[in-house]
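Some structures are shown below for you to check.
There are two complexes below, and they share chain A, which is joined by chain B in the first and by chain C in the second.
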Partner chain A sequence: MSTANPGGGKGGARRLVPSFEARMLLPALLLLAAISLFPFFYIIYMSFNEVSLIGGVDFEWVGLENWVEMFTDPNVRNSWITSGVYFIATVGLEMVLGIGIALLVHELVWGKNLVLSMLLLPMFVAPVIVGLLGRFLVDSTYGLYAWFLESTGLITWEILGSKTSALMAVILMDVWEWTPLITLIVLAGLSSMPQTVLEAAKVDGANYFQRLRHMVAPLISGVVVVALLIRSMDAIRYYDIISVTTNGGPADATKVIPIRLYETAFRFQELGYAAAIGLGMLAFSILVANLFMRILRGQERAR
Partner chain B sequence: MRRRASAAGAMGVPGGLSRRDFLKMSGAGLAGASLLGLAGCGEQSSQGGGEGWKQYSGMTLNFISENTAPTSAIAANLKPFKDLTGIDVKINQLELGALVQKVSLDVSSGDPSIHVIYADPYQVLAPFSAAFADLNDFEGDDSLPSVKKGFGDFIPTQLAAAGRFEDEEALYALPYDCPTMVWMYRKDLFEKYGDKMSQDLGFDPMPSDKITWDQYYEIANWFNKNASEVEYGSGHQSKQYDSLMCDFSNIMWSYGGDYFENGEQVGKIGTEDPGASLLDQDGAVEAATFYQKLVGISHPGSTSWDWTALDEAFRAGNIAMAPNWHEFAAGIEDSNLGGKVGYTRLPGGPTRSASMWGGTGLGINGELNEDEQRAAWLFLVWATSPETQLSGLKSNVGGGTPTRQSVYEQPEVKNATKPPTDLPNMLTYDAVSEAWKPENIGLRPKIEKWNECNTVIFTELSKMLAGDKGPEQAMRAAKEGFDRANGA
Partner chain C sequence: MRGARQVALYGVVALVLLWTLVPLVWMVLSSFKSPDDLVSSTPRLLFAPTFEHYIGLFTGGNALGGYIKNSLIAAGASTLIAVVLGCLAGYGLARSRFRGKHHVSMWIISTRMAPIAAVILPLYAVFRALDLLNTTPGLIIAYLTFNLPFAIWIMNAFFADLPVALEEAAMVDGASRFGAFWRVALPLTAPGIVTTGILCLVFSWNDYAFAQSFAGPGSQTLPVAASQLITQTGINWGQLMAIGTIVVLPMVIVGLAVRRYLVKGLTLGAVTGE
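So, the complex of A and B:
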């Protein structure tokens, strides 16, 4: 908190009086502390304890046991690997498709708003509904996609019953829902580009791909990194769709780390261990966020 | 530390005089009781012994349940309870996993809000038994209505499996539903192809408990090759989920395998210390080997089907037969397959024919205050009464199957076991009544760490079915997972 120095000057009496701005911020800061800092430190404390729930919460200090288990548990390691595959696939596909669609929509002369409205629809569906819808569509008994893929001979096996296709299916469900968000963010970046510069380049004879590479890409790189950051944070804690489609199976092929966390906390009642896994997820999120923020700052400096 | 709630034992109406005592002492009470009898006590006495139904009028109870047919039937028929007691009931129906989570949070909150708990014996009762009230205290309380016909009217194996944990005396839940796995098959296809199949296979293929699992495999394979009406002979609920453990356990028990030493007692009463797992023993490994072979020739959808999806596939006519939960019979008889399906006990193995029982009880949250627990008891007595169970059986929203012997003895219920019938679940009665006998029932372990062990077994089986591991390797890994969870 900042302090004021009413005496002023060298040697003046310094008093620890919060500035006006700090006093105005104080209620909000206290509220923030209550709803985020307290649970944060509580979870850290939980991760060093075995927690029993019955008859009220009860802690038993176990030191680093939960942390050692987290780093040595092969199941948790496998879930991190699955999360990594999922993370790279979803964020990668969403970025490529989202940017591509945004560039196409940006070039539309008429009907842009209508196309954009339709493109954004998946984003407004709750993820759990996307999961239920996806499960319905690929179900071998009544699913439209399952019927189509089998009729055409493209996929003749059970989509959610095979390891690779199940993982692909949940990745594609996420891509279907969240690619529009990337499109929207990138479109905002494209709309804010200085049109005069682009037109000047066009007059100078630069073709579309030259303009894209040397002008559009540098101009929208900032918003692309922001989009990447937002989706990355979401992808790390991805839970809903897998929970209602495969619940981690088959053979743990879709058991990403949030599913493992839920299972540990609410099925096995091992809240201390789950706290350690959750903090591991938080550390990973901070790491990824810092990475992207560094890239963003680097771009700003380069300009 | 384990804490037992014994709220009702020390309870009574203000002044230390029970309502029953008061009525005994009062001539006016007798007269009043006569008048009340004309107005509505007939209904009260039909629900259970004793008075005191109205003492918590105006209260609201929260009942949390898995989204099952019996609860749907109760939800559609709550008015009689409201009329009887003046108590409102809010029902929250959830998927079982979400229910476990809600119960765990509620009993730990210090401010419990759930009164009546759908107490799955394995996923709720065993891990949270210390949070349940002992129902003996309420049953022995003169100021409360008692269970009509007593606890002895419940099917004994179900009373123990659904209601007890570790202790032969304490009772934490009253049997509420009793889904049991039976062999469901397309009667029309067996009639059409029976002779040909018999010639080709060299045995009478008509489903019965005399058929072995090996013969079941041969029948399924025969359908795969010869019947155009269905896509595959057999289907299974082999998704990486609870359903996979259920499906496999039938076969494991029939091959003489078990989860723990003294498996019958561990299943019926339960224990906190089950000891080392037996999943790496010959019976379990042989069963796993067979199960892998059987699922290999079954509908490929099997590895993504839970019990609901399997039932949908069966109803859609995709498979000729399946081990399925008997309570699905009502829906099947109401579908295009009505009248075309037969129900019998599951095939046998080298040791026996075992049928997984998946029943559940209703329990009372022992963290509540006394009055709330007593009001919840009223709901338990009503919801598990013969009248309510019969009403559930007749319900047009699916209904359940009774857990009381007296209901099955009623003429209209007995007559419903043969088609045509208005109570389609009763078509399975011949199969399930045999399955519930102590020597046939299949009870999974009732242990505190069951949720973890369950996850271990269905995950290892899923890995085996996906080809990641062989049966022996999968069973060894499952045993290690069980032992780690139980500290054995």
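So, the complex of A and C:
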């Protein structure tokens, strides 16, 4: 079933039709090439050079030096580990909480729409504001949460000043912002389930957890995977929250890889080395994008 | 039994809402608090509201108006360009079958997902060479690196859901190929176009990383203005909460306006909602 040629009946149109789609695609793809492919090859070139910003941009070929340095630099390795911890903690918590909240909201009899609208609000907040607001809430003099934690005796120290609590704080800020996205996606999966099948299982005496495990879980697994991939991509994309709260500190406890990259490039002016680190990040996101494409193609085939 | 379960359910949901809403409510409340009320040792829920932080932000040498204008122009222009080109290309992609289409799709989606830090680096060097640093056009181009692939991708998903038969019928009735797109396909995807536009606007309005790296005094945006209130000598929390409110409020309103289509937009077309 070819859709490239809807006007096929009209003789000569046949050859012209494909070029119509091409003409529609061309302006956008040319612009996209200029702003994506060109920088992509540029960053590869940068990674083999020592780049200096004194008076314009100056390159000095150093071969594999930056790459060797990246694979042997203990600081970069530590940042990858911190990124890994941050990634697993944020995405893990967001998935567990997001799915749990979606199951709860799905059961609501009234007020479902209103509750969902309120739950979604954090998603629209600029990540930098999430960071600044989080900093306000845990500030030892001004903060509402700091006051609460201190008066209950749970945390009596400066939250962003200590390694473990600072890492936990930036993780929870991310969780606050993005759990709603998982809830939203999983709810879409839940509401598209065939209700009659679930009702039948209920009548047959299956309890809530039996239905959850044997019917709901398989039905929404596809949607859950999509949610996981979408979140995974964004989790390595953004670094605004950490940038305005701890900026990597204290003692590198929150120095995830994008923060390390930024510091390498703009504070230590080692742009070539930063380019190698950036390509490492890019490799990861392309891997996730690949998985995402596979799922989409699987869906298309199933249709 | 059933009643008890519902009560417990609403109890847990109330806790989740508390966790979600307290920071936002507290931000808005704090933006109306006098410095004395902000610093009180026990947090105050009741206080005499003051507009001093908002007034302070809009008066004086470094007034917020300029930042708002920069934000609107940068986010608005990149959204407009992305949506127009995204509609054309999204349609082209949805209606064409060619060898290597998979690779084009992969390229588009990878561009959208590329880590911002890794994008900033080469763009910074290129912008420096082209004198685009500290300019609004530079920022618009930077925002297009994520808005353009996003718009192409999402519009492709919306057009793909549209039965080709409608356009074929229009063409049998004498419409040109472009006429079928312009008068049939485009109006039918109006919700998709609005959703795409709003999400592009939210992404670029909320950007901090690009603006902080590329924009200068004359082109600086609102989120960066917020971060600049944190200085070595201290933080004006009242003004900071006021800027936060100004940044967040419009995005919440436009975001909720397209709630029905959010799932599709935010999952890049992989899940269709409600």
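Convention: the second predicted complex is superposed on the first by the 257 of 303 C-alpha atoms of A that agree within 3 Å, B and C clash if a C-alpha of one lies under 4 Å from a C-alpha of the other, contacts with A are read in each partner's own complex, and residues count from 1 in each chain.
In this section, contacts are C-beta pairs under 8 Å (C-beta built on N, C-alpha and C of every residue); 3 or more make two chains touch, one makes a residue touch a chain.
In this text the structure is predicted, and so the values were computed from the model without any measurement.
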item: Touched partner set for A:Phe20, first chain B, second chain C, both or neither; value: second
item: Chain A: partner with more touched residues, chain B or chain C; value: C
item: Which superposed partner A:Arg267 touches (first chain B, second chain C, both, neither); value: first
item: Contacts of A:Thr246 with chain B and chain C, given as first, second, both or neither; value: first
item: Partner chain in contact with A:Leu296 - chain B first, chain C second, else both or neither; value: second
item: Touching partner for A:Leu279 - first (chain B), second (chain C), both, neither; value: second
item: First, second, both or neither for A:Leu198, with chain B first and chain C second; value: neither
item: Partner chain in contact with A:Pro180 - chain B first, chain C second, else both or neither; value: second
item: Partner chain in contact with A:Val57 - chain B first, chain C second, else both or neither; value: both
item: First (chain B), second (chain C), both or neither touched by A:Leu160; value: first
item: Contact residues of chain A, present in both the chain B and the chain C interface; value: 53, 56-57, 139, 141-142, 266
item: Complex contacts: residues of chain A adjacent to chain C; value: 2-4, 6-7, 9-10, 13, 16-18, 20-25, 27-29, 31-32, 35-40, 42-43, 46, 51, 53, 56-57, 101, 104-105, 107-109, 115-129, 132-137, 139, 141-142, 144, 147, 176, 180-181, 184-185, 187-189, 191-192, 223, 226-227, 230, 233, 236-240, 243-244, 257-258, 261-262, 265-266, 271, 274-275, 278-279, 281-282, 284-286, 288-290, 292-293, 295-297, 299
item: Of chain B, residues touching chain A in the complex; value: 1, 3, 97, 100-101, 104-105, 107-108, 110, 127-128, 130-131, 239-241, 299-305, 309, 312-313, 316, 318, 367, 449, 451-452, 455, 459, 462-463, 465-466, 468
item: Of all residues in chain A, those that touch chain B in their complex; value: 53-57, 139-142, 157-163, 166, 246-253, 263, 266-269
item: Chain C residues within the chain A interface of the complex; value: 6, 9-10, 12-13, 16-17, 19-24, 26-27, 30, 38-39, 41-43, 85-86, 88-89, 91-93, 95-98, 102, 104-111, 113-126, 128-129, 141, 144-145, 148-149, 152, 164, 167-168, 171-172, 177-178, 180-181, 202, 205-209, 212-213, 223-224, 226-227, 230, 237, 240-241, 244, 247-248, 251-252, 255-256, 259, 262-263, 266-274
